[in-house]
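For reference, the structures are reproduced in the following blocks.
You will see subunit A twice below: alongside subunit B first, and alongside subunit C after that.
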Partner chain A sequence: MELEVKREKLLLRAGTQKFEWHIEPRYWRMPAIWIGLLIVLPIFIYIVYPQLLPTIIDANLLAAIAIPLGWMTIGTGRMNFGPQFYIGAGGYAAALASIHLGWGPAPTLLVALVAGLFFGLLMSPLSIIAGGLYYTLLTLLFPLVFLEVTFIYTDIFKGDVGLFGVLPLISVGNFTLNQFLICMLALFIMLIYLLIVDKLLRSKFAPQMSAINDDEEVAEAMGVNVKKVKIISFTIPAVMMAVLGWFYAHYYGTFAGITYLPLSFMLKILMVSMIGGRVQIYGNVIGGYFIAFLELVLIMLLGDYSPVVFPIILLILLLTLPEGLFGLYRKRRYREYLPTLHVRR
Partner chain B sequence: MLTTIETTLIYTVLLGSLYLLVSLGFSLICGVLRIFHLGYAYLFVATIYLTWFFYHTLSLPLAVAIILMVILQALISIAIYYGIIARYLKQEEIIITGLLLIALIADQVANRFYPIQAAVYLPTTIMPGSIAVGSTNIAIQLIIAAALGIIVTALFVLFFLKTKTGLAVRAISYDLNTSKIMGIRVEQIYMFVMVLTILPVIIAMLMIAPVWAVDPTMGWGYMYTAILVSVMGGLGNIRGTIIASYIIGFVHAFASFVVAEPRLMNLAALIVVVVMLIIRPQGIAKTESLW
Partner chain C sequence: MSEILRVNNVSKHFGGLMAVSDVSLSINEGETVGLMGPNGAGKTTLVNMITGKYDVDAGDVQFMGHDITKVPTYQRCHLGITRTYQIPRPFPELTAIGSVAVSALHGKKRQNQSFEDALTDATHYLEFCGLFSKRNVLGKDLTLYELRSLELARALATTPKLLFVDEVMAGLNPGEAMKAVRLIERAKEEFGVTILWIEHVMAVLMKAAQRVVVLHYGKKIAEGLPQDIANDPFVIECYLGSCHA
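And now, the complex of A and B:
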């Protein structure tokens, strides 16, 4: 039996018989293969090493946050540096409803959706009013102010201790099976988000968003309803992120703003986008898994030093991978969707 | 009531002058480099913890520790400029993310070696004690810090208005391409501004370190104030920055003494800035020039 790599083909010779498998990147980019792998991975881990399930959950959630953020970035033509605000809104809304009203995950999901919609609509005019850099600055500040509010009204938000006693997301009695089911749910949400944004980027809506991304004035002159596209591209991703806040609250049974609202959490999401593939939606999945596993490996290897080494590695990767990890697979340069911040005139 | 008004006004001046020091560098970088320096938070942490490292860990005299800290900070600024800003000038998302990561690294390194339990304290008090202004007692150190804030800002303004280098900086802030055609060495000026901007922060931190609490995450709070002031003033405009510093100072003083709820300071300031942005989207100084 002989195995060789020849002209982007994997050749397997077994006696007189020959088997070949194309390994060109376009085949590797087939969504079905990757989705299949993503589904098989938790099953495999559940059987072999279930202690890794929380990392897979974390990876899926990070990717699921970064995907709507990518949509928001493309559709508004601006970089939102405060996506965790909506996670906080959804998480706190769900946690408060669960604790004070005794509601389970299903009704609190509705509460989180309403909270996401409310804050999304409330904040969405910013994408029209504020210019590129001002928008970035303000979105950066909102979660920090929200965090302060949670410290001011400790009777409601319980400060840095957070809200305890949120009803569990899934409860089947067996802890490992519970983790597995939660993992599959996180994967399901992430894949649904991926599907929604993927379909969106292939729809009639996509050229309008990319036109806004390139030049708002030209887009308007071409007949694009800039305000409508921006409001939609801001509000729906905000709702999608609020759902993830709901997930966090019920998954951990607690929700504290100090975990999700500081810049460090935002930076993690930003790095998922940037290192994964610069707001490229499939890159977000790679980025989510990469960041979650890198963090785990560093904690295992370096212990107390991992919080120091983690950002250093991210910085090196940011500077050495101009198109992110997903860019490594690309043959041609893709359509650049990442908006510029228009800092200079 | 009169006492409250008096205290509010006094603290408006004190806080406003301190915020000038805190935000002047940020505003300058925005104005000249046209870069949103999200790594600005590291300057605050580096000032305190590098000085502490030289002074406490290496047991050097305080003056020597401060000098070494300034030199090291200047070198770090140059390294950041060449390593990130100059290389990715056209890819702002990389610059912003990279600078944010640098601030996070500084934060984490400080936290690893000198956590809050380490009780870092810099004995940089120039004059101890407090003084009664009307019916309000104020630490003399704070008054000196505020005075320094005004003096440093005045020196900066004079430098930009009266010197050749200042003229070059202003020219770049007006029009980068024309400045290049006119023979201004843009690279050198950029680097010079990067180093210059660390000075107000260093002065501010050394002055307030003995009076206010320091911890490894304090940089984000100060950057938060710098962002509010710069956005309100109009990014990069020193005149706007001066006015905005005192407005934010007033809002903070108002929240602390009139409303008597200091925890509302930042929330109140953000609301004021958002309202200001709705009325004047480009901030107080509706110009992109430095002055």
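And now, the complex of A and C:
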């Protein structure tokens, strides 16, 4: 038996038989391969080294936050610096419902969805009214204001201790198996988000978003209902992020605003977007895994110094890879009619 | 010929500056009307009011008998009003075909139109404007003449009834300018659009327009046949100076 890599083919000779597979890069783009790898990875880790499962969960959740953020950014043509606000809204809504009403994850998911929808709709006119730095600063401000509110109303939100006693997301008795199932659920949510946004970017909704991203005024003159597109592109991603707040609350059994609402968490999400590939949706997956594992490695190697070194490494990466990690693979393809990010306002 | 657009006594001011003052005009279906005037006369402001970019301070705009004064810009586009820009404003990160597809998708309401249908439509308009070979080039990488052609393709893809052409000759060399003029004339013939043509170059309007409206300091100072306008001493005086309407 002989295995040989010849040009763009993988040759396998077994006796008189010859098998060959094309390994052209265009075949590598097949989503099934990557989805398969993402599914196999947690199974492999569960068998070999289950201590890594929380990192995989983190990676999937970071990617799942960054994917709707990418949609929000492209659709509104503005950079939102406060995605964690909706995580906080969904998380607190789910945690409060679970603690005070004794509701399990299924009904609290509905509560988180409603909270996300409410705050998404409430905040969405901001993408029409405000632009540029004002929008960015306002979105940056909201999570911080929310954090202050959680400190002021400690009787409701329990301040920096947070709400605890939230019913678990999955409970099968075995801790490792629990972690594995949660990991698969996180992966499932991330893949669903990826599928939704991918379908959207291949639909006729995409050119509208591209046009808005490029020039709102001209887009409107060409018949695009800019306000409608912006409201949709703001509200639905906000709901998607609120669902992740629900996940965090039930996964940890506790929810504290101090963990998710400060700038440090926002920075991590933005880094996922930027390192992954400037809000490229597939780049977000790479970015999520990269950031989660980088953080883990740094904590293992540097311990207390990791919070200092982590942003420095990310900053260097941002400077050296302006198109992100995904940009290493994705050459500019003119024939690709998908919208890409270039927010300049 | 039925009347397609009627503008009744519209005015617009920016702070203390009266950009357009009490201007009325009407355009008949199939007509090419020239709109001229010195720099700052209020030509583009008038077009911005008709297309909906600016709200009208006074007066009203009627399109095919319907009052569209308060209708949003995108709905005016659906009704059949579109424009090109004086300084080309392409979608810089979209390919030429992508830019035109946006217009084809959203210009006029079409039943069950997919993105692929829009791309097919866009190909047709790009071919018409001589940009087929540039279909996969990004907007930011096109030359000025190509941008002007792209603007026209984008406007035509919305299937307009009334097209505003804003200073198409600006920045083009004589050869390109003549090509651009021929392209607009051909567009009028093939797609049956009515045109309001803003232009500084009198020679172009003399050839292309059936009627010319002249603005000066935001006021309409003359309207008539191109030959009459060209010989109007008041218009000549305004262009050469020493005229205050």
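Just so we're on the same page, the second predicted complex is superposed on the first by the 306 of 345 C-alpha atoms of A that agree within 3 Å, B and C clash if a C-alpha of one lies under 4 Å from a C-alpha of the other, contacts with A are read in each partner's own complex, and residues count from 1 in each chain.
One rule holds in what follows: a contact is a pair of C-beta atoms (placed from the backbone, for glycine too) under 8 Å apart; a residue touches a chain by one contact, two chains touch by 3 or more.
Not measured: the values here are computed from a predicted model.
By the document's definition of touching, of the two partners only subunit B reaches A:270; subunit C does not. Of the two partner chains placed by superposition, only subunit B is touched by A:149; subunit C is not. Applying the stated contact rule after C-alpha superposition, one finds that A:40 touches neither subunit B nor subunit C. Counting the residues of subunit A touched by each of subunit B and subunit C gives the higher count for B. After overlaying the two complexes on the shared chain, residue contacts for A:302 are found with neither subunit B nor subunit C.
Contacts of A:12 after superposition: neither subunit B nor subunit C is touched.
Of the two partner chains placed around the shared chain by superposition, subunit C is the only one that A:213 touches, whereas subunit B remains out of contact. Shared contact residues on subunit A (touching subunit B in one structure, subunit C in the other): 340. The touching residues of subunit C, counted against subunit A in their complex, run 51, 53, 72-74, 77-78, 82-83, 85, 89, 91-95, 97-99, 101-103, 105-108, 113-115, 118-119, 136-139, 154, 158. Residue ranges of subunit A in contact with subunit C, taken from their complex: 202-204, 206-208, 210-211, 213-215, 217-226, 334-335, 337, 339-340, 342. Against subunit A, the residues of subunit B that register as touching in their complex are 30, 34-36, 38, 83-84, 87-88, 91-94, 96-98, 100-102, 104-105, 108-109, 111-112, 176, 220, 224, 227-228, 231, 235, 261, 263-264, 266-267, 270, 273-274, 277-278, 281-282, 288.
Interface residues of subunit A, counted against subunit B in their complex, comprise 79, 129-131, 133-134, 136-138, 140-142, 144-145, 148-149, 151-152, 262-264, 267, 270-271, 274, 278, 304-305, 307-308, 310-312, 314-315, 318-319, 322, 338, 340-341, 343-345.
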